[in-house]
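These notes are about the structure you will find just below.
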Amino acid sequence: MTLSFAVLGAGRIGKVHAAAIAATPGARLAAVADAIAPAAEALAAEHGCAVRTLDEIETAGGIDAVVICTPTDTHADLIERFARAGKAIFCEKPIDLSVDRVRACLKTVEETGATLMIGFNRRFDPHFCAVRQAIDEGRIGDVEMVQIVSRDPGAPPATYIASSGGIFRDMTIHDFDMARFLLGEEPETVFATGSVLVDPEIGRLGDFDSVSVTLTTRSGRHCTISNSRRAVYGYDQRIEVHGSKGAVSAENQRPVSIEVATAQGYTRPPLHDFFMTRYSQAYRAEIAAFIAAVGSGEASPGGRDGLAALLLAEAALRSVAEGRSVRVSEIAG
Amino acid sequence: MTLSFAVLGAGRIGKVHAAAIAATPGARLAAVADAIAPAAEALAAEHGCAVRTLDEIETAGGIDAVVICTPTDTHADLIERFARAGKAIFCEKPIDLSVDRVRACLKTVEETGATLMIGFNRRFDPHFCAVRQAIDEGRIGDVEMVQIVSRDPGAPPATYIASSGGIFRDMTIHDFDMARFLLGEEPETVFATGSVLVDPEIGRLGDFDSVSVTLTTRSGRHCTISNSRRAVYGYDQRIEVHGSKGAVSAENQRPVSIEVATAQGYTRPPLHDFFMTRYSQAYRAEIAAFIAAVGSGEASPGGRDGLAALLLAEAALRSVAEGRSVRVSEIAG
Amino acid sequence: MTLSFAVLGAGRIGKVHAAAIAATPGARLAAVADAIAPAAEALAAEHGCAVRTLDEIETAGGIDAVVICTPTDTHADLIERFARAGKAIFCEKPIDLSVDRVRACLKTVEETGATLMIGFNRRFDPHFCAVRQAIDEGRIGDVEMVQIVSRDPGAPPATYIASSGGIFRDMTIHDFDMARFLLGEEPETVFATGSVLVDPEIGRLGDFDSVSVTLTTRSGRHCTISNSRRAVYGYDQRIEVHGSKGAVSAENQRPVSIEVATAQGYTRPPLHDFFMTRYSQAYRAEIAAFIAAVGSGEASPGGRDGLAALLLAEAALRSVAEGRSVRVSEIAG
Amino acid sequence: MTLSFAVLGAGRIGKVHAAAIAATPGARLAAVADAIAPAAEALAAEHGCAVRTLDEIETAGGIDAVVICTPTDTHADLIERFARAGKAIFCEKPIDLSVDRVRACLKTVEETGATLMIGFNRRFDPHFCAVRQAIDEGRIGDVEMVQIVSRDPGAPPATYIASSGGIFRDMTIHDFDMARFLLGEEPETVFATGSVLVDPEIGRLGDFDSVSVTLTTRSGRHCTISNSRRAVYGYDQRIEVHGSKGAVSAENQRPVSIEVATAQGYTRPPLHDFFMTRYSQAYRAEIAAFIAAVGSGEASPGGRDGLAALLLAEAALRSVAEGRSVRVSEIAG
């Protein structure tokens, strides 16, 4: 049986997901929607599918699933709408910047029984998957301490920052999810500290560009996260997990891995400079997982994972404001 | 303008090239041919193109180019046939196992003015390209010594060996081409030594499974090649170039690059175990280069490169037989 | 001019320093003292020097400097005693476990004008020195975020833990000093979290075996420290510094750096398993620096560095107890 | 029992060995000899030992062993003289540049029953030892192909070249010994090619500065050696061994192993720039082995190893001259 998909939002990530669906046997890209007609038309033409309105997609009998790649402030509404329409849903993170709105949205999802998968793409990176697999196989014993370094090549424009929800909800949220993916226990407390070291404009917008976070779990496992909005050497994405019987790490990836030796030393090229090339394999694997989830009805990471990461971001914000360790239960109620 | 392609041979490499063409804007996979009808039909169905006979493709007005992925003993005939038919031609290496046959074939190609590109895929590996680029940029000064290590994960079956033309024509030929790609001068002499260390059956077929080759150029540059038909740790593909002002190297690639530390040490996973995954990027880039060549009429590596590598293989065979350094001019006449 | 040294304490670190002095042109190992006579005699015999009592060393005219390698609870008294005796002093860290006692001791040192160097050996590791030098040369721009991972191969015995002052004063103190060495600004706030994951006995003694610390400076620079009392893969000692124009890191060291490739992967041996082999070069360089300091009267790291690191340890303890970020000024008064 | 040693030749390598002996419990540096009196006196003063003439050392009852660090053309005479005097002998490589002279010398050594060890220091490098140990432990199965890369930071002065015996006897000889150390079988054939790429003056002296060598053993194992007199990136010393069940390699060593990441890439410092720092551990281990050999009478590598490496150098010279593979038996007779 071939499953039919509609991609909502024909921007850069929408294009990536559309191409992945189109290239997957057993999946069919049936429709593309975008508020900007030429964008939708170009993407539809590339893959030989139809341009449709949201209304048309909602009521179309032949569409099994939607892939939501629209702006963040539309996510929750679209999830609810297509959950009620009986579609399986993939939604780029975050569900919403408001915990209350996310909760309401997930309530609808649960009531409708819709399949919902959230786009924490890094869980599908082959290297990070292999880290998790090494843990699951018991190669490092019990997990004790997780270290995540996650730095962007350069800061986004101020306009982006202004509507991003701040670094914890926008950037660290990926690392909060990765921490949950790796720790094997839910974080109970969050300590965070934030600075403005990269761009004073970010500070004027009330945000930070350099943050350090420590999470702890009930049994005392730790995770530290180091974020910066700027790494001139490329997209710095590393994880390591220390356990009772060993450790496992995933190093940075680069598009070309030669080494040039001269009298000045041995030099390898910079890292990937863009998240979409760094995580190109992850995006493909993620959509493959969603396609499988549409068939099985079992989606992971799901809505609860989206909420859990957002709660950690909220706790981090309160921690910075109050200079103390914040229990997630204070936020989650 | 969209160029139309026919893929001749629907085996594993034919499938790879067909998919690459189908995914390239500006290129169209128009037809597939294979002596085994179900193979042709399956591939055609996957990409929504036609199954055609060689005759039909030869006379079809709308087909600009053919991609020859058939068995080696058909290559030269097909090249000649489609050169005469005015098609641009991509042919998997080797053109033929006989120097005379290759020469005759290339004569036809030249007379017809056909565009011919030979499938030395490794020239299109992004890492090896970057090595060449570093040389071209002068980062290591004058090239002096090239080292190529090229080892297969495991020996092919005896039936394959029997019709392969022997390790120099079948396996080392890639390294001969890589040597020419990197040395910046034509090799003038060849010394080779061969052993049977992996599988006695290979020896009974008159072939070797472990060879070392030294090439030298007019100005005294050296290249050493080390081949084995078996490397239990994966597909071992490394090059390094030492020059007057430095050196440049391309290390092995692995599908997953985590590292697990235990009391026994720090372990990274094995290498790619298959040439098609190791060189997947190279295959795509190669076909992209051919598509560009169909437009421009300028193909590289071309037929003369195919001949040059075969001459080095012939010289290596004679060197092993006679225990001496053999001048390429002895073979080339 | 040859300078004469006495080593106080003939234990394992005393032996190391004695050998370093004996092997240094311009320095002479004149005397060894130890409460355990056979230990002193053995060390003296090895280097052909005298066994002396503390009294004799204190009043000896020909001894320029003492190297204090006795138990921690004797350090402050010995520093004061030999400062008053006009000797230059090298003392293993810590000066004392009590901030007040350290302050009193340093007051005496200042009044006497004695040269005092504290044994933060890691500052003399050639790799960590090179990290600092890269920063000083401006290669990474302004320092923004420092990451220190420091894990012991295995936990010390409970008896050691009981008198150690706890992990922050005993183990993390090296990292606090390294943070100060690298940050380029004094830490102003400390957040720490501690767990018992390795050995419940450590918990029963009121200590932790796994801690994470975040330091921040006035301008917003961060440093995170990750400590564990157990790393089965060896003595895990890494630093990295992220700055506005780049980053610099020092990787782990291992006694043997071969790599074995098999069907199971590529394996390098474990790390050094002992701080004295890991930091053997650092110990030699440290004593060389002290010998130079005896001549120049300029010692670094000095008593104030010892105090500063201890204050960070005190702040960390309070942070864990109160679950909040603690300002160093709260401790320092 | 303490053994007493005399060091003959107070040049740079004599100093290294003298210091190693002086620092070894159970060994005593009793005397130093050098034709240049101030050199001998300075070294003797540093270690508190006597300056003696060769005659005095030869007849001294209390000296157990001599360490020959004099110019090459004195080696064979000194070996014979001190063998007859009943001393154990360590001699820097080579014994002599003439195969006949080496044979005559070894005959004397055998007749006297003297213990003779030859200074192939690389066998004592901890990394290369670990490679050998991995082979001995069966971790890579049967040895099949050995690759040795050995390049000097810069060419020696012409005066050195003129009396060196040429690159094969002077430089490659270390690699010939390493090949024998690793192959597990004696090389039977040698193919060599030589070029002048670094310095035309070397060519005018009849020597080469860039050579490639292939050795083969009876069972068909191969070893390739790549030498250059110039590597601007440092002292390039690598070995790798490929076997039936895996491979083992020893990478280059550098004095400082930091990595600096900038927008231009990730850079590690150059390698060691001098053989005496690169092999400092090897020199100490070598002398420790000799000290043990003086006690046991079992020395390795011994005189036969010195001869075997020289025979390979002779075969390489003939191979270059005649452009063919040369059997060692042609040289050895």
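Letters A, B, C and D mark the chains in the order given here, with residues in each chain numbered from 1 onward.
Please note the rule applied: a residue touches a chain if its C-beta (ideal position, glycine included) is under 8 Å from a C-beta of that chain, and two chains touch if they have at least 3 such contacts.
Bear in mind the structure is a predicted one, so any value in this text is a computation, not a measurement.
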Contact-richer chain pair (by C-beta pairs counted) among C-D and B-C: C-D
Rounded to the nearest Å, the gap between Cα centres of chain B and chain C is 57
With chain centres defined as C-alpha means, what is the inter-centre distance between chain C and chain D in Å? 40
Overlap residues in chain D, where contacts from two or more other chains coincide: 232-233, 245-247, 261-263, 269
Is the chain-to-chain touch network here best called a line, a ring, a star, complete, or other? complete
Which part of chain D faces chain B closely enough to touch in the complex? 142, 144-145, 147, 149, 151, 189, 191, 193, 195-198, 210, 212, 214, 216, 219-222, 224, 226, 228, 230-233, 236, 242, 244-247, 323-325
Which chain B residues qualify as touching chain A in the complex? 23, 25, 46, 126-127, 130-131, 134, 139-140, 245-251, 253, 255-263, 269
Parts of chain A lying in touch with chain D, wherever the complex brings them together: 232-233, 261-270
